[in-house]
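What follows is a set of structures to go through.
Across the two complexes that follow, chain A remains constant while its partner is chain B and subsequently chain C.
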Partner chain A sequence: MLWVDKYRPKTLDKVLVHKEVAENLKKLVTEQDCPHLLFYGPSGSGKKTLIMALLRQMFGPSSDKVKVENKTWKVEAGTRTLDIELTTLLSTHHVEMNPADAGFQDRYVVQEIIKEMAKNRPLDAKGKKGFKVLVLNEVDRLSREAQHSLRRTMEKYSSSCRLILCCNSSSKVSEAVRSRCLNVRISAPTEDEMVRVLEFIGKKEGLQLPPGFAARIAEKSNRSLRRAILLFETCRVQQYPFTNNQAIPPMDWEEYVSEIASDIMKEQSPKRLFQVRGKLYELLTNCIPPEIILKRLLYELLKKLDSELKHEVSYWAAYYEHRMRLGQKAIFHLEAFVAKFMSIYKGFLISTFG
Partner chain B sequence: MKGRGKRNATIVISSSEDDDDDKDFSLKSDLSYSKPASVPPTNPNKRAKKASLSKSGPRPRKGPLTNDFDEIRRFCEEFDDGIRGFKVSTGNGMSRELWADKYKPCSLEELAVHKKKVEEVKVLFEERLTASKETLCKNVLLFVGPAGVGKSATVYAIASHFGARISEWNTPTPTIWQEHLYNSSSGLRYTSKLEEFESFVERIRKYGFISSTVGPRSRVVLLIDDLPVVNGKVSYGRLHRCLHLLVQSVCVPTVILMTDYVKADSTDNSMRYWEDLHVSLQEAGACKVSFNPITVNSLKKTLSRICKEEECELSAEQIELLAKASGGDIRHAITSLQYFCLKPHQLPSLCLSDGSTPSLRERTDGLTDLYIEPSLSFGRDDTLSLFHALGKFLHNKRESEPSMVLDRDTTNLKEKFVRLPLKMDSPESILRQAHSQSRPIADFLHENVLDFVNDEAIDDAWVVASYLCDSDVLLASVNGRMARNFEAENVVRSAAASVAVRGVLFGNSHLAPTRWHAIRRPKLWQVEQSLWHYKCQMVSQQRDANNGLNLYDLSVVATEIKPTLERIGNRGASEDFEAHEASPEHMADDLDGLILDDDKSEMTSEDEIEDW
Partner chain C sequence: METYSKVTRFFFICNYISRIIEPLASRCAKFRFKPLTEDIMSNRILYICQEEGLSLDSDALATLSSISQGDLRRAITYLQSAARLFGSSISSRDLISVSGVIPEDVVQALYSACRSGNFDLADKEVKNVIAEGYPVSQMLSQLFDLVVEADDMSDEQKARICKKLGEADKCLVDGADEYLQLLDVASKTMQALCNLPQELSYES
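Then we have the complex of A and B:
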């Protein structure tokens, strides 16, 4: 088991970061009525950990007994019957899923599947009607239609089920959904907090940490706790005992992106653009989300760029990220960004060096 | 149908009558193409009687059966009426056939095919007919050409010139599904058309024409006009072998006719098969004769001859129009003529409008054709293959200097927005001719356009890319919409295609020096497929490996968990994950292979175009 899973705090009492949030959540649940919740915050900040701990707080240890199910749902959509395959995580009290994985059929998932689940509510020990919790991940990736029908589902079945939504950016969640939830912002942990977590894990594993090593990992991991723990484990496998100047390698794909970035900086021509396209395809084939590629690419380019260009380049990156969301085929937009960058940079080079 | 009634026997008799009628009808149906519904019935009384009969007939058991007969009968009558009406309106009560059959050339002089070609074929025939029986090989002639250029007509005319009898391989009628069910229930085995053809060829090779019908003295030409339809590599291979054998060992003069569809759809895989077939048959000793489309002049000659005989008065201009519209297809031209003579009042108006716009006339001939063609109710629509159209867009041919007309329109455009006029029809009309969907067009353009941009012009590359972006956004707006409004979707789609094409044409202002390019299949499709497979694989892996502890987002798995796992795994720390990790690289390779194979069957990958 990976350390990320192994050292995930199981209860709200044991969390190391976001202690205040955990306290509040605990109070919220002990007072019986739990509103719909929307957790948002950057990746690797501990949203899922908090949600799982919260579930345990609500239902006790039985919420840990989960099974993964890959179920095919038959959904009647007008005249056709659609088969939608979704992986769900089930316990007796809650269901967790990623409705956005259904792609543009996500609205059916939200409408039908959630409706069906919300309908059969469980009975608790005293024969009182309890409620079921639906955990929906990546709500920000849902289409507008799906979010709209999510809103209706929330109202209709609010007596029998609670929704816990989880997303990175609340700006991509519709206003209507947000106002029906208690919004919980989970900020990215500070580097100090991350160091504390890493040291905690080190102690549990019985490792000797040289001073400053945890800080270096924390710095590399871009304030994502998950990333930090993963890096920590990678370092452990690569070299132990740790030395202070040990290399902390980035992820493979990140290296690949920085390779692309230096390719772009070296030559600006349609031919090079074509080569870059090939490399982008490579990344996309490996399931790296295009938004993340674009972000990382921008980051790598900005590192190497003259400051007077930074603003314009960032503008275009934002522009094409938006277009990418509107469009269908990410490569068109990624490539347009690269082309635009090449064009800007070449113009800059010519004007500076003649 | 009078005797229809209580007893079975009469029903049988009447049904046989109906059968006769049926045959009659099928014969006639070949001759007619006017819609029966559009012709007012000439004998309503009769039909009414029939209808009432069919209602009142005292037959509880046989009801549906006789009703069917009745219906067919009635239908036949209507059809006959239709044909009659058709004939009356031609103004020539004598003709019962299509003109294309009626004016089939019977002598060499009547052939519209070029004199030299006829001469060549004649010589070839002479050689084979006189020297036959003894020399074994080289008995086969292979006639190749587009549809309706007179391949079969030439064979018949020349054969009759030499007094030879033509024995034709008749394609058996296709089996309908119901028929097949019936046959198989009664124990008859289904033989495919290809099998039948094979056995036919086998017979010919072994026995020639020894059958009693052929006198010993008469000379016979074997004509294979209608090759069985083949689909897929296996059946194609069988046909190939079979024809090869035929070519090598047949002892009668044989003509194989092949219609090639070069222009129609070269995206089709079968195209290549046919070309291979030509080559290999030639190697086996067949003599290939290609026929070109018939020239406008000889078309005109034939048409005016027919006009004279049919006493239709058409102006020379109208005939020329017909001849041009048919695209060298004489059968089509004659049929158009016949159709046209049905309502001769339509064309003058057309011609008037044509004559009244002299400005059109002043331009090149090609342009006038373009303006007239869509408005003709006959004539063949020119089709373009997808690759031809793409080639046009990518090569982006332009006039060398701005035309006067355009200068007037473009009053205040900045220098950098001005482009020379296109050396092609409007992109939309090309798109229409190519009959392709917008999505593939955009994908193909995206894949290939960078080859055509000058290596210095990165700005152009950006302009092109941004237009392709726009078209992608437009296309995406169509998908995933709940209420499907097809009309609106169509508009959006064609707008998207238009944006993509015009964006490419406009953006690519500094063309790469022209050289030979191959048009590639979009790699994007392959990427999408393997992405999908990879995703599925990852989901299932996660399910197996994670033991239900946590449901990570797919993006997190791809960007963080998986690379880490790989790294840890590589260092030998054996985790229980590794057992499930079925080396994704290899899997991906395998998948790629599969995908490539799949794709080949749906789209020729290395279809290439030349520099147009």
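Then we have the complex of A and C:
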């Protein structure tokens, strides 16, 4: 079992970072009821962990017993019936799913599932009608229509189900949905907090940590706890006992992007652009999301540039990322950014050195 | 509307009278609702607090009225969320954390980083805002307030910044990446504040 899963805190009491949030959540569900919740924050900050712990707090250990179900939903959409396939995680008390996976049919999924859940309401021990919890991941990837239908369904069936929404950026969730939920901001853990978690894991595993080693991992991991723990485990596999100056391996795709960055700094020509295209394709076929590539590329380029160029380059990065979102094929926009950068950089070189 | 006026009466509710077509509007008696004054709002809030047994100090009350911007429903929602999350004694910090408003010092830190003219510093602040999970759209609107009220810059500088804020907001609505947009805004703000050349100089 990966350490990331092994040391995921199961209950709200055991949470190491976001203790304050956990305390408040605990207070919130003491009366066996809760409002709709919206968790937002960067990835690797512990949103999912808190949600799972919260469910456990509400329903006890039975919420851990989940089964995976790949179900086809039959949805009446106007004149025709649609079949939508979606994977859900079920327990007796909650359903978890990622409606954005249904693509442009996400709207129907949201409505249909909530309706079905509302139909068979669970009874609690005292025979009172209870409620189920629906956990929706990545709500920020839902289409506008789906978000609108979500808010209607939320109101209509609020007596029989509670929604827990989880997303990275709350800017992309519509105001109407946001205002119906209790918003919980989960910030990325600070480096000190990450060091504490790593040390905790080290102690549990019986490892000797040289001083400053955990801090170095934390520094490398971009404030994502998940990444820090994965890096930690990689280091453990690579070499144990740890040495003071042990190199912490960077992600291979990051190395690759940094290679691209130095490539285009070295030579600005159509030939080089063609080579870079191949490398970009390589990254894309390995399922690295294009916006992540672009961001990383910008990061690498900004490290090497003169400050007067930084403004311009960051402007174009934002410009092409926006276009990428509107368009269909990411490679066009990535390449356009690279070409733009080459042209700017060449212009800069010519005007400075003649 | 006209045919059945004997048996039916319509009540229309809308936010903007200008969006109702003239023929419809002219057939109705109009009642205009003004935003609630601060007095009325705070009275109502205090009444709710009293009934629910909540304690709210004057500082928190002021915060509540400023973050809800004259919207009583929003104020009550914030109050209820804060009460559920933090118990019966509510401070202004609690209210800010449930409302999703970004604390003033964070906005100020970003602004002064832009003022300093150091790109790397601004980049660091932007990264920090993203890592803390603050919604960027909110950040833009708070930056906007800050820029409009600032008295240490010229109108032209303000206009340049506001133009960029508008563009970035549209991009965010389209689903663009938060980090890149905020970085772009920060860079443009810096250019405006430090009177750097705004034109894209090396474009050929």
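Quick note on the criterion: the second predicted complex is superposed on the first by the 348 of 354 C-alpha atoms of A that agree within 3 Å, B and C clash if a C-alpha of one lies under 4 Å from a C-alpha of the other, contacts with A are read in each partner's own complex, and residues count from 1 in each chain.
Here is the rule we use: contacts are C-beta pairs under 8 Å (C-beta built on N, C-alpha and C of every residue); 3 or more make two chains touch, one makes a residue touch a chain.
These figures come from a predicted structure and were not determined experimentally.
Q: For the three-chain model obtained by superposing on chain A, do chain B and chain C clash or fit?
A: fit
Q: Answer with first, second, both or neither: which of chain B and chain C does A:L326 touch in the superposed model?
A: A:L326: touches chain B and chain C.
Q: After lining up the shared chain so the two structures overlap, which partner does A:S258 touch, if you call chain B first and chain C second: first, second, both or neither?
A: In the superposition, A:S258 contacts neither chain B nor chain C.
Q: Is A:T153 touching anything from chain B or chain C once the two structures are fitted on A? First, second, both or neither.
A: neither
Q: Considering only the touch criterion stated at the top, classify A:S63 as touching first (chain B), second (chain C), both, or neither.
A: neither
Q: May I ask you to decide whether A:S343 touches chain B, chain C, both, or neither, giving the answer as first, second, both or neither?
A: Both chain B and chain C are touched by A:S343.
Q: Regarding the shared-chain residue A:E96, is it in contact with chain B (first), chain C (second), both, or neither?
A: In the superposition, A:E96 contacts chain B only.
Q: Given the overlay on chain A, how many degrees, to the nearest 10, lie between chain B and chain C at the CA centre of chain A?
A: 100
Q: Rounded to the nearest Å, state the minimum C-alpha distance from chain B to chain C in the superposed three-chain model.
A: 6
Q: If you lay the two complexes on top of each other, which residues of chain A touch chain B in one and chain C in the other?
A: 326, 343, 346-347
Q: Flag every residue of chain A that touches chain C in the complex, lowest number first.
A: Interface residues on chain A, with respect to chain C: 24, 27-28, 35, 40-42, 45, 169-172, 178-179, 182-183, 185-188, 223, 291, 294-295, 298, 302, 307-312, 314-315, 317-319, 321-322, 325-326, 343-348, 351.
Q: Sort out for me which residues of chain C touch chain A in the complex.
A: It comes out as residues 74, 77, 81, 84-87, 97-100, 118-120, 123, 130-138, 168, 171-172, 174-181, 183-184, 187-188, 190-191, 196, 200-204.
Q: So in the complex, which bits of chain A are touching chain B?
A: The touching residues are 1-2, 4-5, 8, 43-44, 48, 52, 66-68, 70, 87, 89, 96-98, 101, 104, 107, 137-138, 143, 145, 226-227, 230-231, 233-234, 237-238, 249, 251-253, 268-271, 273-274, 277-278, 281, 284-289, 292, 320, 323, 326-329, 331-333, 335-336, 339-340, 342-343, 346-347.
Q: Could you pull out which chain B residues touch chain A in their complex?
A: 443, 446, 450-451, 453-462, 464-466, 468-469, 472-473, 475-477, 479-480, 482, 523-524, 527, 530-531, 534-535, 538-540, 542-543, 546, 548-551, 553-561, 563-568, 571, 573, 575-576, 588
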